[in-house]
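In the two complexes that follow, subunit A is the common piece, with subunit B as its partner first and subunit C second.
Right after this comes the complex of A and B.
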């Protein structure tokens, strides 16, 4: 796994991961001091939970996708990809190794947010606490399932079209899936356009993986009988994006 | 790419698309696709509450920008707003954005620059069309502030006033005016439900009380459509909200959360509570009068 180790070391030495770790593990304890939780202590824990997950998502989008795009571009333009290819490492293997190294840094963002929420923002009632931990575990899993294929996509698109395009495609898809589809639905309720309606249905509905509302209102964990359906939905997107990423990825610049 | 890679990639793509389609249909049938977008969950969050307070200032400034002195109505959004607006209305204020005198040369640099860049030099007032456009912008901002924190007294009342007051709002026809009132009633009903869900802060219950008063006022607007019992039930809701406010206020004094509020916020809360109780007493007096009028009509139908 030479490319995996190289990417892992490169990311580690760049040290930007430390900023993200601080954002996810430290800022949830600072930001509530800027919220109305200072006037109403009952809001401190919800503010902490919201800050933890927002930091995880923002870090994944602004750092995770950016780092992925930069590495994808560098691999194809600096000759590293070509070198490894000539030494017998196939393009598929290269994409997998780069992707795995990136996930070593990005997956802990979701796990960190879930851990901070579970340890520092759990409700006092015992039954609510177990539901709270289960909810955070579910959303930690969904976070990884959503972000992982987008990381691969950022690497692949950047290897072919450059790092800016790679970053924008993944960041744009995430923003659109989290919020854009909701605004499109509002538009659809005014304009009953069948093409827009189809596009809306076929869009990646990433808002299912956003836990902020569910945690704030303490709605409890997603029903375990329904959870596999959500996993299947995001697994489908995962597989499709992985295939697209493989098609787009290249080891050397044209 | 060799043939094996092509086959693997195509299989992945097909399996992924099929899984996405099947699971997506299941989720859509369960109604999961319908949701209100809320970027970073900021609306109705503890952060949204702070942001909502911060944008009250720009709303106040927008009002000054579009309304000439004398046109300014009373907005219950800000502490000290009444005296502020009274000064503006009489034209005796010295706000930089509509002062006509010379710029204060001794003012700090930033204040001076704000005065220079914010000053209206156009002697012509906004045209009716332009004013309507600016009002729609204010309405958007008020709605945004309300969405950030529906339980905030100022956010709710400013937005409600905008929807119901023809002088302020964007309704230009009678139909639009009644439509605005219906929207205001729905807004009040939602606000009551939202505020009464809060069991710790005494302030939302006060907002719920004013929302309940607004519903009662709207019912009195068309008294023939409502029985006295319905009106009294609404008055009972105001009493319930005020009672909830009193209990939560007592509890916050006992557990010390009252001391977490700044003296300005404490005074604001007490002033608003006093004002809301006056509104409640006025509503009770109106119902008594209506009751007497209806009994008199029932006793003497011919007169």
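Right after this comes the complex of A and C.
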């Protein structure tokens, strides 16, 4: 796995991961102190949970996708992709090795947020605590399942169209999936346009993977009977984006 | 262990180019182990031929047969600017050969702790060549394609690499594109792109001064 090792070393040496680690593991304890949570102690733990997941999403989008796009572009434009391709490392394998190295750094963002929430923001009551841990476990899984194919997409798009495009496509899809589809639903309730309705259905509903509302209002974990459906939905998007990524990925810029 | 003798065969009629043909082999060419130089004027298709052999682009006509593990080192190969040579070697060179690579780096005065982005052109080239040379499998036939490996390289480093080439010529075929810089440079086996033809010139004692007239 030479390209995996090279990408892993590159990411480690660039040190931006340390800033993200600080954001996810440290900022959740600082940010609630700046909020109205200090006036009402009951709000402190929900604020901490909200801050932890916000930091994880922001780090994944602004660092994860940016790093993925940068590496995708570098691989195709610096001769590295060509060098490995000539040595027998196929384009599929190159995409997989780059993606795997990036996930070594990005997946811990979700795990870190879930751990901070579970250890530092758990409710005192035993039954609420177990529910809280289950919720964070579920959202940790969903976070990784949502971010993973977007990382591959950023790498692939950047290898063909440049790093700015690669970053904007993945960041744009995430923002749209988290917030945009909500606005579209609002629009649909005002105007029942069939095209808009189809677009809404075909949109990636990433807001299902955002746990902040559920944690803030202690709504409990997703029903375990419903959870596999949600996993299957995001696994479907994962497969679709992975296929698109492979089609777009190039080892050598044109 | 497989047959350790690498081979590269260009069929008669092999045509290279992107969309428009650039050059064509008029007769069958067979290259075995050792160093083979690739000469041609600018824009005649040296890099295109190397990329065709490396399977980065397809031949327009004819066939190429390769026997050996391939590696193509493009002229513009560059690593991440923050990485130093030691990290690059650790990531890409098999552990048993890492120390030998670091020893060579020391001999040719390559600072392995300096970030790649701060290295001079020659030192970047040294890093790329060390990666390519020490990634070769000593127990397998290898084909190493080098595009302008000497540009920016000092004479001592160049001599060191030529010694490595001589030592490992038993299981390695090297096809090296270059613009020779002294007349007495010995070139016993040369692929010449002359006009739109690819020719194979061989001869003991053949030098650059005898070959350069063919390029004009």
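Note that in this section the second predicted complex is superposed on the first by the 254 of 254 C-alpha atoms of A that agree within 3 Å, B and C clash if a C-alpha of one lies under 4 Å from a C-alpha of the other, contacts with A are read in each partner's own complex, and residues count from 1 in each chain.
FYI, contacts are C-beta pairs under 8 Å (C-beta built on N, C-alpha and C of every residue); 3 or more make two chains touch, one makes a residue touch a chain.
Remember, it's a predicted structure, so these values are computed and weren't measured experimentally.
In the superposition on chain A, A:162 makes contact with neither subunit B nor subunit C. When the two structures are aligned on the shared chain, A:229 is found in touch with subunit B, with no touch to subunit C. With both structures placed on the common chain, the touch criterion links A:87 to subunit C but leaves subunit B unconnected.
When the two complexes are overlaid on their common chain A, residue A:31 makes contact with subunit B while staying clear of subunit C. By the touch criterion stated above, A:6 is placed in contact with subunit C alone, subunit B being left untouched.
After overlaying the two complexes on the shared chain, residue contacts for A:14 are found with subunit C alone; subunit B is out of touch. One of subunit B and subunit C touches more residues of subunit A, and that partner is B.
Contact with neither subunit B nor subunit C is seen for A:220 once the two complexes are overlaid on the shared chain.
Only residues 1, 5, 8-10, 12-13, 15-24, 26-28, 30, 32-41, 44-47, 49-50, 200-201, 257, 260-261, 265 of subunit B touch subunit A when the two sit together in their complex. Interface residues of subunit A facing subunit B in the complex, by the touch rule stated above, are 31-32, 34-44, 46-47, 50, 53-54, 57-58, 90-92, 178-183, 185-186, 200-202, 205, 207-208, 210, 212-213, 216, 226, 229-230, 232-233, 235-244, 246-247.
Partner subunit C is touched in their complex by these residues of subunit A: 2, 5-6, 8-10, 13-14, 74, 78-80, 82-83, 85-88, 251-252. Listed in rising order, the residues of subunit C touching subunit A in the complex are 51, 54-56, 69-80, 82-83, 87-88, 90-92, 132, 135, 145.
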